[in-house]
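This is the structure, below, for whatever I ask next.
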Amino acid sequence: MLATTSVGRKLVMAVTGIGLFLFVVGHLAGNLLIYAGPDALNAYALKLKEMPYVVWPARLVILSIFLVHIYLGLELYRQNREARPDKYFQEETLRADFASRHMLFTGLMILLFVVYHLLQFTFHAVPPPEHIYTTDLKGKEVTDVYTMVVQGFQTGGVSAIYILAQVFLALHLSHAMTSVFETFGWTATRFRGYIEKVGPIVATVICFGYITIPLAVLTGNLRLPDSVIEQQALEEMETNMIDVMPDPAGRRGDQS
Amino acid sequence: MKLDSKVPSGPLETKWRDYKRDMKLVSPNNKRKYHIIVVGTGLAGASAAASLAELGYSITAFCYNDSPRRAHSIAAQGGINAAKNYQNDNDSVYRLFYDTIKGGDFRSREANVYRLAEVSTSIIDQCVAQGVPFAREYGGWLDNRSFGGAQVSRTFYARGQTGQQLLLGAYQALARQIHAGKVKMHSRTEMLDLVVVDGQARGIVTRNLVTGKIESWAADAVLLCTGGYANVFYLSTNAKGCNVTAAYRAHKRGAFFAGPCFTQIHPTCIPVSGEHQSKLTLMSESLRNDGRVWVPKSTEDKRPANEIPDDERDYYLERKYPSYGNLAPRDISSRSAKEVCDEGRGVGPTGLGVYLDFRDAIARDGQDVISRKYGNLFDMYQRITGEDPYQSPMRIFPALHYTMGGVWVDYNLMSTIPGLFVLGEANFSDHGANRLGASALMQGLADGYFVIPYTLGNFLAKQPKTSVDTDQAEFKETERAARERVTRLLSVNGSRTVDSFHRELGKIMWEYCGMARNEAGLKKALELIPPLRQEFWENVRVLGGADDYNVSLEKAGRVADFLEFAELLCHDALDRKESCGAHFREEFQTQEGEAKRNDDDFCYVSCWEHKGENKSPHLHKEPLSFESVKLATRSYK
Amino acid sequence: MNFTVMVWRQEGPKKQGRMETHKVSGITEDTSFLEMLDILNEELIEKGEEPIAFDHDCREGICGACSLHINGVAHGPENTTTCQLHMRSFDDGDTIVIEPFRARAFPVIKDLVVDRSGFERIIEAGGYVSVGTGGAPDANALPIAKDEAEEAFDAAACIGCGACVAACKNASAMLFTSAKVSQFTHLPQGEPERHQRVVNMVKAMDDAGFGNCTNYQECEAVCPKQISIMNIHTMNREYVKAKLAGTSATA
């Protein structure tokens, strides 16, 4: 019902946007556990897995928020284009920054990235890594998320995708965060200067937080656990032995 | 025809109250059966249309702009007077009345002016209730300033945009009634003629400016709120579209036109910069509080202003009027500027300008103080002229600004055609020969909010309701004439543009009927105008068709009327062999060059009756009698 | 000064338009932009061509009639109304591109003239205090803090020219609509109708076919009266409050 008016639609965009923003912050907090070592991250992953009654509803909620946000974003874009059917012969831009003018583009890039990210790390449909290891956590056999991440980012191209995606996310957030204040009218003239800086600053911080992980992997500051390195060495030997035959799983032999 | 001003009897102070008590009323459920046409939706029109619609009348309103919000009332800067006495400076209804009638040089009707002063207080109440953001003091109370030489602070203002805020207030009240379906608004529609049936105004003929459709509208009464005719001078501070057509058409249909020669000139406008000039821009008179007016003493002196030493400058207003100095009234300072320019001492590229210098004020108060007071005016000046008034003096020159004359109306605001009411600047009633600052807004709103809702009801209730239909012969005939005129304008197909005629007419009027007039000049103008009009009808080039948006056609119709009306104005100026208010006849001045009024022979309202094409108009006189005030001579020495 | 003028010509509503090129010469720098067009129009008429139609009236920057999109910017390069723009703002020999304000809600009537009646509908929907003539209490019965009165004035200074819509990449009318909502939010007179006003005006704005606000701030950048986008914040806040109070649009 709200979404039938322009201001209402913007409100829904803002509310869903805030939801997604909170998810992004939470996700970042989880990710940063990687710096506390494999066990901390893997324990966190396990904890999530052990609470399906929380995680699955949460996932559903996030997914629906995401879908609503995307749907309304596309809808707004369509309406806004229709609001000016005849384009100007010459049109200058005086104030609107890059981020504000490319919300749809950065949003769609983020969508593509999310799909890729899920395929890679959640559904393991896209390598790297080719192989998901398990590890022993306090006597339990659990997925070795830490290794998965580090392996994933050891490929320069993959890290580049992640870093680029974070830049898109930062651009998207920098305009979104400021606009949220407009949409809810949470400002007074005297705070305007601060509000307009909130978006870019928060976006930069979040973006930086995420980017440190692939960078840390690429620069060797986050390394695979020794046990995995040993296991890999073992596997490599096996691979070399069967390398004469084509591999149906498509594993590439040059993987180091 | 006998002119009856219908001023009620009784003491001045209670005339309006007693008159209202005796008025007849239209019963509430009958009001919607009455159709009222309102032409023009500026301050007077919008306030009238809204107020009448609130009462229950069925209103059809018209304006030539795309929105009522663009009417030229919007450009009034200074403020609006009201006898609120909020400053405890001993203001009163009587004092406002007296100032207004004296300012008008005793050429207005006592009873009307008193009523104006009386309802002025309700206007402020009404506008504040509408949410008009008037200036306030820190305590939250309304602020006032003194304006136009008044000795009390009674002017309410909203920065330099009082007219805008008041118009928007009235426009929004109108919008509310449009939304409620009580007012049918037709914008981009121009009135071409008035329809008179059985001696009464019963409708109008309009042209839709977008589609070109010519249409008739029937009603029980017609209200003209169509503003003034300053554009007869081509260059004026009026908006480009302001015109006399509706008022003049009504005049040709039998409405007397009163005091057309009373045209006010504003002393502080930005001078003409060249032939291309399309309009003049007024700058608030408040500038004269701190600026000093001067020209070089010598006609030979062509040095830049700042290089002219003080003893070679002539601060002529301070010299001639030591007690008022630079604050001398509008007409006096305007004429003085013309005099020095006629002597060849004018400044600027055209020689038609005098300096308004803030050097001393800036030295005294600092640039900050001056900038706080006048910053936006200085910016505006710089934007238009490209010169920085903080560095070199402004150049100013008088320009046509407001017209006190208009369609003659009685105390009820009804013209000599029953059923035709005229409100605001379009009527003549309240300002006499000269209007005081901050009084135009007051009059427009007084007429619309507080006079017409009563007098119109009284008019309607006093006669049996008769029905009219646009199929009647009178409508068909008027419509046909309007169509024919459009066709005629389009078919001349000559070689001169409409604007070139308008410019030429303006030059004649400014030269011979402008700030100072004399018999020879006026006769000359009366010789020049008819051939110009003839040439217009033989040689004007109006391109395009009748059935679409045709700007040239619009303009042509208006200029054609100006070409006739100009003659009426000159006739009036010629007849009035006295100097009073804004009308200055060079033959009638004191030895010191002051206006010399002639109360013995000219204490009347000149009411002109149209006698037919190319015939001299006939003068009727409405004698003015003053019961409450003594006729005094203005002195600003 | 000499200029090449590229101007949009369109015979009527729903007709196909095109850009047309004209030379104008001998213009002085003190000539206003509209006077330059007047001169061009006189020349066109003398050549037997129809003059270029454009909206204008007061020519002193207050009526809001003029509405040209010049060199890609609503009202041109000086952050004024078109009528206050002078040729000294251009260089001799410049090519000047003149287009109408473009928006679905502002259909072209002819050449550079557009129909801005969408703005009328917005004001009609609630841009007023519902007070009838004659019922008002004494003006000083209601003190209003100077700051609030000033803020109300800042919003009320809008001239309804439509440059905000023309400049907005979404052709949104939020700045226009919010200025009126905001004026009454700052004044006690607006209090009784505050919920209904904002909901009705937003609906009228949507119905007129304007786009949505995405906070580009282009509107504020071109507004000749410096109406602040903070008014949009105010309106959005009012809208949320009205919705939380369960207000829905009437009519």
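As written, the chain order gives the labels A, B and C, with residue 1 at the start of each chain.
Note that a residue touches a chain if its C-beta (ideal position, glycine included) is under 8 Å from a C-beta of that chain, and two chains touch if they have at least 3 such contacts.
Here the structure is a predicted model, which is why all the values come from computation and not from measurement.
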{"item": "Chain contact graph, described as a line, ring, star, complete graph or other shape", "value": "line"}
{"item": "Middle chain, criterion being Cα centroid separation", "value": "C"}
{"item": "CA centroid of chain A to CA centroid of chain B, Å", "value": "68"}
{"item": "Distance between chain centroids, defined by C-alpha means - chain A, chain C (Å)", "value": "42"}
{"item": "Interchain centroid distance [CA atoms averaged], chain B/chain C, Å", "value": "27"}
{"item": "Residues of chain C defined as touching chain B within the complex", "value": "11-12, 27-32, 34-36, 38-39, 42, 45-46, 48-51, 53, 55-65, 78, 80, 84, 86, 88, 109-110, 113, 115-117, 119-120, 123-125, 127-140, 142-146, 149-150, 152-153, 156-157, 159-160, 183-184, 187, 189-190, 251"}
{"item": "Residues of chain C defined as touching chain A within the complex", "value": "6, 8, 19, 69, 71-73, 97, 99, 102-105, 167, 169-172, 174, 202-203, 205-206, 209-218, 220-222, 228-230, 232-240, 243"}
{"item": "List of chain B residues in touch with chain C within their complex", "value": "47, 50-51, 54, 65-67, 69-72, 74-75, 84, 86, 122, 124-131, 133-142, 158-159, 161, 164-165, 168, 171-173, 175-176, 178-179, 185, 187, 210, 237, 239-241, 273-274, 276-279, 281-282, 380, 383-386, 449-450, 453, 495, 497, 499-500, 541, 543-544, 548-549, 551-552"}
{"item": "Touching residues on chain A, where the partner in the complex is chain C", "value": "2, 5-11, 76, 79-80, 82-96, 100-101, 103, 175, 178-179, 181-189, 192"}
